[in-house]
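To start, the structure under review is shown below, and the notes come after it.
Lettered A, B and C in written order, each chain numbered from 1.
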């Protein structure tokens, strides 16, 4: 009896090999791009990167400044804005996934939310300037910056939360109801934990955006810092690493502008790396629990 | 957890909603570093005072101070008549010299007033028309609403419109980066940039006079303006206004003007006694 | 209360586990399921009132969150609309002349200092830049996500994930500076014989690099959320990896993939900081392109200093006098940007529905 060849057609196998090679090429191109950008940043910033850089106060006119207050402000603002935006974003996402009646209004709302997520940050910046800095008379301060950043992130968080919760397998939800849980219990103890990886991605995106945002903060948190560091006061002016980077490059009159800029960028990348590793560890634990 | 965090945030933010005593400064990015340095020194000497600085450009500064939205508005050019009608008060704080710069690939080192004007209005588009090599002229300018560009338009172009064949960069720093890496580039920047980037960029003399404090003082070099700090006493509360006035007095104090101002690339106001400028 | 979620993507597995109404009880309700529990477990009775109360309260809390979001959206829109309307309608506080819709939205000439406010150059510019970058980043992002979830070895997945998350966090300023100091000279030396390379291509390249990580991150989530039975089923039927990817996985994940691209596009549309350093910022680019006859049309298109809605806004909006015609038109531009974004999202949704 002839042996049956159950393998896929030759054309399909060739396609498979080709596409796999193409995908490898794409992935490697990315890693290469990342390395080039990282390499350029680290190479230029190397002369400045030392413990002193992280702990010294900045110099405005002379060389040799540090980034201590900006580093603190960056982290402080991310924490504050997440504290403000996570509850509202996740709450809204839960409502839209679990409570809202479907219909034209809901679809219109979703459209508005996605569009808001796409609003250029300069519009949020001016809105923040008018509302927080001027109307509420908060001036350029940490609190104005934190609220503006929260405005930026709430739409993204809401949308990602909604999608993640909807993506949870129905069997889980139905099993929970079958065991007699209330809606709230189901949401808190079954859906949210199951949707956790998606929520984590959303949070990481939001935190990353808050950390790297400069346009919004120039107009709400200002371009200088308090003389004390760390300064937890919400009223203090709050220049962050991203704003400092932009400022040093735009201004260009610092004798060591290139080095400070590259050093600031390098520190930002390193902080992100550390935060990302921490987040991945959390993610792994979540996935382990889910299984 | 949601509710608790929300309540905590609301409490923290709401509790501190009392009237802010911060002095808010907005405006020119050229004057930014100088004012930042002054603010640092002032805040160290007067703990408890907060001075918050944001940029936005000269025009932003003027608009915001005219509307009473900040305490001090800094600008490279005078306010318009309409803005002055709102009752803002001017304090000239420094002299800002500007200079024309070219990419090292360009061999021209001096331009007459006519040539400079022609270069920017577009009548001249190749360097060989002004004594250089056969190379296209690449103009790199600031946006229409920049104070530096306003100075450029008044002094170099004599009010004529810019050529539409230009590259625009948002900040002088970005203009410099573009100019240092583009063959045939010409730009108009604060003197400090030319000095800090020697080797990567070449300064160009204007009508035979190089940009230097001496030439400015002697009246031989016309490309400069005053740095203005405007306040709006009518719209600010008394306490903040008092602090703002004291801060400006500090900037105009002899020690600051003599030691810090030259470091930022500017000239002290004291040299202005004999100078004439409409800017 | 009918708890069947009718809006999740329907699939073979979902159909299989749709609850069957208990005989004689009509539609399946919460109460119908609670009763058996109450009957069999006495301790539950004590928790009941508290849990029900919390349940009701929670619904309200989540509703409030949504209302905050709605308030946010509408106050921002209102802000834009109110200030933008001032360009076309006499509003107290206006200092400039009233413009006509036609001269603004159909005008090709933007020279505010000469009282001309045509915004078409910015609209075309935005479309071009976003279109180019989506065309590059969409396929690139989805394929990379495919690679990470199906083709890459285990250890590499973590590395790629890390790389993506890192790239997402790099601030726009860094990309802008990188573009200005490294990419532009590179393009200039390579393609243009040392002429400036600022323009659409440089912007599209920078934008692509900026949005691909977002697309990849969310696409990976989309693929990982698919039940493994889909892939296993396809393989059991004898398909190659690529066949199962192209014919099963991508169509199955399509709605979430489209959302990933849409959110990435959102970032592209709203991005200004990075592009403004490499685009040249010339509102008169249309006229300029016509005059630069020393280059071929393709090169002219890719390398003329141009301008988009966002770069114009970021450079001019804070600097213009409030309530002047210039300022009002810029706010109208902001509103236009919002509406264009909405339109492109709708379009993308329509496309996604057809596939699924």
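The working rule: a residue touches a chain if its C-beta (ideal position, glycine included) is under 8 Å from a C-beta of that chain, and two chains touch if they have at least 3 such contacts.
Predicted model only: the values in this text are computed from it and were never measured.
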A-C or B-C - the one linked by more C-beta pairs in contact: A-C
Most distant chain from chain A by Cα centroid: B
Chain A-chain B separation of Cα centroids, rounded to whole Å: 34
Rounded Å distance, chain B centre to chain C centre (Cα mean): 36
Centroid spacing, where centroids are CA-atom means, of chain A and chain C in whole angstrom: 15
Junction residues of chain B - those touching two or more other chains: 2-3, 56, 170, 174, 177
Shared-contact residues (touching 2 or more other chains) in chain C: 61, 177, 314, 318
Overlap residues in chain A, where contacts from two or more other chains coincide: 87-88, 90-91, 219, 249
In the complex, chain C residues that touch chain B: 61, 95, 111-114, 177, 180-181, 184-185, 188, 194-196, 198, 276-277, 280-282, 284, 287-288, 291, 305, 314-316, 318-322
Of all residues in chain C, those that touch chain A in their complex: 3, 5-8, 13-14, 17, 19, 30, 33-34, 36-38, 41, 44, 51-52, 54-55, 58-59, 61-66, 68-70, 72-73, 76, 79-80, 140, 143-144, 146-148, 151-152, 156, 158-163, 165-174, 177-178, 182, 209, 212, 214, 217-218, 221, 224-225, 227, 238-243, 245-246, 256, 259, 262-263, 265-267, 269-273, 309-310, 313-314, 317-318, 334, 337-338, 341-342, 345-346
Sites on chain B touched by chain C in the complex: 2-3, 56-60, 62-63, 66-67, 82-83, 136, 138, 143-146, 161, 164-170, 174, 177-178, 181-183, 185
Chain B-facing residues of chain A, complex: 60-62, 80, 83-84, 86-88, 90-91, 133-134, 136-141, 143, 146-147, 218-219, 222-224, 226-227, 234-237, 247-255, 257
Footprint of chain A on chain B - complex, ascending: 2-3, 5-6, 8-9, 12-13, 16-17, 19-20, 22, 24, 29, 32-34, 36-37, 39-40, 43-44, 47, 50-56, 69, 170-174, 176-177, 190, 192-193, 196-197, 260, 263-265
